[in-house]
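Encoded as structure tokens, here's the structure I'll be asking about.
Labels for the chains are A, B, C and D, by order of writing; each one numbers its residues from 1.
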Amino acid sequence: MNSFGNIFRITTFGESHGVGIGGVIDGCPAGLCIDMKKIQSELDRRKPGQSKITTQRKESDSVEFLSGIFDGKTTGTPIGFLVKNNDQHSSDYDNLKNVFRPSHADYTYFQKYGVRDHRGGGRSSARETIARVVGGAIARQLLESIPVSIHAFVNSVGEIEIGKPYQELDLSKIEENIVRCPDPGTAERMIERIEEAGRNHDTVGGTIACVIKGVPAGWGAPVFNKLHADIGFAMLGINAVKGFEYGSGFEGTRLYGSQHNDAFINENGVVKTVTNHSGGIQGGISNGQDIYFKVAFKPIATLLREQRTIDVELNEATINLKGRHDPCVLPRAVPIVESMAALVLADHYLMSRLSRL
Amino acid sequence: MNSFGNIFRITTFGESHGVGIGGVIDGCPAGLCIDMKKIQSELDRRKPGQSKITTQRKESDSVEFLSGIFDGKTTGTPIGFLVKNNDQHSSDYDNLKNVFRPSHADYTYFQKYGVRDHRGGGRSSARETIARVVGGAIARQLLESIPVSIHAFVNSVGEIEIGKPYQELDLSKIEENIVRCPDPGTAERMIERIEEAGRNHDTVGGTIACVIKGVPAGWGAPVFNKLHADIGFAMLGINAVKGFEYGSGFEGTRLYGSQHNDAFINENGVVKTVTNHSGGIQGGISNGQDIYFKVAFKPIATLLREQRTIDVELNEATINLKGRHDPCVLPRAVPIVESMAALVLADHYLMSRLSRL
Amino acid sequence: MNSFGNIFRITTFGESHGVGIGGVIDGCPAGLCIDMKKIQSELDRRKPGQSKITTQRKESDSVEFLSGIFDGKTTGTPIGFLVKNNDQHSSDYDNLKNVFRPSHADYTYFQKYGVRDHRGGGRSSARETIARVVGGAIARQLLESIPVSIHAFVNSVGEIEIGKPYQELDLSKIEENIVRCPDPGTAERMIERIEEAGRNHDTVGGTIACVIKGVPAGWGAPVFNKLHADIGFAMLGINAVKGFEYGSGFEGTRLYGSQHNDAFINENGVVKTVTNHSGGIQGGISNGQDIYFKVAFKPIATLLREQRTIDVELNEATINLKGRHDPCVLPRAVPIVESMAALVLADHYLMSRLSRL
Amino acid sequence: MNSFGNIFRITTFGESHGVGIGGVIDGCPAGLCIDMKKIQSELDRRKPGQSKITTQRKESDSVEFLSGIFDGKTTGTPIGFLVKNNDQHSSDYDNLKNVFRPSHADYTYFQKYGVRDHRGGGRSSARETIARVVGGAIARQLLESIPVSIHAFVNSVGEIEIGKPYQELDLSKIEENIVRCPDPGTAERMIERIEEAGRNHDTVGGTIACVIKGVPAGWGAPVFNKLHADIGFAMLGINAVKGFEYGSGFEGTRLYGSQHNDAFINENGVVKTVTNHSGGIQGGISNGQDIYFKVAFKPIATLLREQRTIDVELNEATINLKGRHDPCVLPRAVPIVESMAALVLADHYLMSRLSRL
């Protein structure tokens, strides 16, 4: 239950307050040149302490590869890696030993396993996503050979929303501000909203949008493993995610079929569609148009204020969390969304090599 | 790529215009009494021709079990089954041999496989979901031993929406109207809207909501196979689905954490939460509260009117579909949503037996 | 637990006295021309009643394909199939309802499942291998495109053994006698031995050898899924198999390394080895030489004579089996060995397409 | 392809001359007390340099756990671990960069991956089995709760063989000599033979037998994943293994059914069999009797003498290996055989919990 993917497959391990977070990537073809700087750069986009709107915890999050890469190339054997934990304030969590934090995994883990590592959520901590970012960074390098490019960005924070189709945005500007929103005006308002929430010891949610360019027609599968189902599964597996939609999504349910269908055209010998309500996927298989989707993140549950709850003996209690936490998870979740998308696409790319004789 | 589930696992086969649709259910424990009438009754809820708002194709869709059940009980061995196709108007599709229907799987399948069964979409036909309904009906009988109950209903058709929280609905009324909406007034307006679309040779989309009661705390998994990720994956694998959200969903992204968190309380020795924005799942694991989620269905792509497209040689063409088709897929999709939910839950139920020593 | 293979994957269902035996083949690439006669011919090699040394039960064992093949070619979608049971003497088994046959699966199935289909062993019947022969016949057609050819034969019956290396045999003669032994003199003595056992209401075991030609260097995997481990797993899953060895096998354990190592040579630009103790596989990966292995089959447990046993209430009892049974399973097991080998190789062939960038 | 098991599942990574060997164990139930000394003691049984008949390389092989264990108990989350490499003489292998060692994986890996880590065989090194021993040691601790005990020993070295049924051996004596043979006289002769081979710069093969006590009736599966098929698969995945047989094995093929069948008896209310040719497994499922099997190991291919071979440009060449290598792999393979058996049994134990309602 800790593996993801069919052919290009990652298995992760690690807890927030153990030795570290790591994983094994199996199924990456031999001969892929690995750019280590790009991997570290994805980890840096995810790491805490990167700006005034993220948690101020300092974690260097540098990855050590343990196997599978020799002379700068993948060897075809499993790629083991480890990112050590190094800024653990386990004692911050001592007062949580006997209470269940509201809307956290404390209670449900205890019910499932009968034992509990109370230090920072253990395995349920978002620190586990480090391993996915490492895996995703390698998947991206595989996809660059197609070439496929993946662009996620913050689309809304609370009710502050870009409100334009992605085609009107300059995706090259995503990294130009700390909230990772390609629309500068909206970005500013998002940052204010996050700072306000932080001042109030509160948190805010929002949505991340993602656009994928360069996927040729023919990736995906007809039934259970539809390309969008695998992407949706990947996104819903990210901490704090509450929803996923692709193409026209929930809004598209209000259209008539005559408005929604995407007419095919031949544009100088290239098949295109006039509109793209399909989000680049038809019948679960890519059609060569841009793939785009949206992911909903709830406001994270760690509030630095008093809350009502129960303790392990089911007595009512109050809880008052301390420590350094993000008021908004979205800016740091952008590389996680991209990484999970890359893992799905690398897997489907390899499977697409097997669909014909 | 045609199997679903880890322990309780279904593999399906079949195309709309071949011999039939069937499957194999592996991993069902031995000794489960099977009520054949209940299985057929689920198929009847799915079958075409059941009311004036569905396609008028007549398909009896009766299931024959080929193995795995002896003396009315499961034997622990794989349960093979087949539902024969019997109302095939393959010639209806002759004119489709050389064109790609807009927003269908025709083009993408051809790109993936290089060959194509043009008769009714082949494997991409929603007829494949028959196998899922059979599998889901058996999964439900396994879940009834907990007991877990699953209630899906049509929540919106186009912009016509129930607009009340599910707690205010009488879920026992779902089957009392042909659109499967528990709110009688809304149901009537939905039916009108579907009839109007049919008259216009158009189609409408909408949303299905689903409420699951009785899942104890502790089902699910921490990382990739979060309970909601597996449910979302299941839903996104249903034909025409464009989005999935659970608990507070996309709306919840607009709340502050202080509004969103669900406080735990002890109600006469039973752990409950004051609100249920979590949708019954925290950290990917059930917390004992109601699980609820929503699924977006696009207006289906088969329009009985002229549309612009291209043919297999990429020349521009027009297409004018004939035949008997649903103007709205939602009423017949209700049992499919329930079936996929049942398959996920049966799997997690079995896995939950292994989480502790 | 009823699926076999990773990419080219078969799932089987069915019991000896139910509706039939069937399966689903998933992962076969699209565009493979299927020769139906060859499939039926493999089933005919396996079927009962084919000669005086097999059981005289008459089963036509003709396969019906339910999906996945259109216009004589695979479509890339799952290939469902069914072989109906049609010569069931279930009443033959009525006297077995309450006793456990010695060295059969009766007792162990009852312990595992708590329920039992006593008619002919249910799922444990060798009739299940029909599905593997169908799957293997399709896998072989995929392998013929390489081309890979697979040649199994009866190597020993009781202590009567060919006693020559396979290189000295004319493998084209395997089908020239009813025992499927390419050495005519030995074949005759084997047939006598089987007839003698039949006259004595007894059974005999033996070994099947298999030679595979045409596998290029580079198929297999380094660690768990070594090519010979996957082949061995496949063979040990066949009913009545007690052992597996490849290349030099058990005998090779008596050699010194200096005798055992296979020196590489360059023969007109082609890499060969002087000897082939490796059996065509080194480090779990094919080296381009012939693959060969041997499989041990016990004398089958169904004896038409009185035996000592216990009943379901654990009282001591005697049992006296009736019916039509094989005195020796080996001639009919030859196509089963070939089929399982083909399934493994088809899977590794597809995986070999993914090992490099 | 680097994972083993269905529910209790290990994924391994690492090469002989990289950072280390490690793995992830997924699916171990929460709440299992882990005895770290026992794990290290299994590693010590496997490690080089332990006696005069093994390689004199010194490797401390101490395991560091990275996750999944808290306060001495498993938490239900994946158990990551790493054993660092620390006695690497990579330069020993410089002269191998351009030649293929006979009967090694050098040539086949190069054919599969197109790239090659020539240092000590890379992933094909038996050093990878360290990870299996760690996984197996945890699996054994899970099995001790049944309790199941696993006893492997060296049964033959070259043609020197114990020659007694295991029932006549005192299995508590296995660890009393350096060759791990419970028959003291035979052990002495085995040691002499190994020393002789070492003096001659040669190597010897042999067989390991394994006896498993305490498995209750009902573990295993009917078709592909027969208990002995999963055990055989596990054994054939160990480096240098050429064959596997269980129960009566290859010898049993010479018996008549009337000699081979194991009569059931009721011994004071306990079901037993008079003989145990079945090796404790009938129809793929354990019957409660002792499970026993035998594994064939070839003489290892690394000879410290001149051999004929070819280089990477396919020119004929000679090779003269240096370094510190085992003349016989068997004594150190005993804990590997036990570990792989433990992994299979832990997996089937967990699956056995799901076979009934």
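To be clear about the criterion, a contact is a pair of C-beta atoms (placed from the backbone, for glycine too) under 8 Å apart; a residue touches a chain by one contact, two chains touch by 3 or more.
Keep in mind it's a predicted model, so treat the numbers as computed, not measured.
Q: State the chain with the largest centre-to-centre distance from chain C, centres being mean CA positions.
A: The chain lying farthest from chain C is A.
Q: What whole-number Å value describes the gap between the mean CA coordinates of chain A and chain B?
A: Chain centres of chain A and chain B, defined by C-alpha means, are spaced 26 Å apart.
Q: Between chain A and chain D, what is the gap in Å from one C-alpha centre to the other?
A: So the centre of chain A lies 40 Å away from the centre of chain D.
Q: If you average the CA atoms of chain B and of chain D, how far apart do the two points sit, in angstrom?
A: About 46 Å separates the centre of chain B from that of chain D.
Q: Tell me, which residues of chain C touch at least two other chains?
A: 1-3, 12, 27, 30-31, 76-77, 112-114, 123, 222, 355-356
Q: By the document's touch definition, which label belongs to this structure's chain graph: line, ring, star, complete, or other?
A: Topology of touching chains reads as complete, every chain touching all others.
Q: Which chain C residues qualify as touching chain A in the complex?
A: Against chain A, the touching part of chain C is residues 7, 27, 29-32, 76-77, 142, 145, 222, 350, 353-357.
Q: Give every residue of chain D touching chain A within the complex, in rising order.
A: 1-3, 11-15, 18-20, 22-24, 26-27, 30-31, 64-68, 70, 73, 75-80, 82, 112-117, 122-123
Q: Write out the stretch or stretches of chain C touching chain D in their complex.
A: Residue list for chain C touching chain D: 1-4, 6, 12, 100, 102-109, 111-114, 121, 123-124, 128, 156, 158-159, 197, 200, 202-207, 216-226, 228-230, 232-234, 236-237, 242-250, 252-266, 269, 271, 273-274, 277-279, 281-288, 296-303, 305, 307-310, 314-316, 351-352, 355-356.
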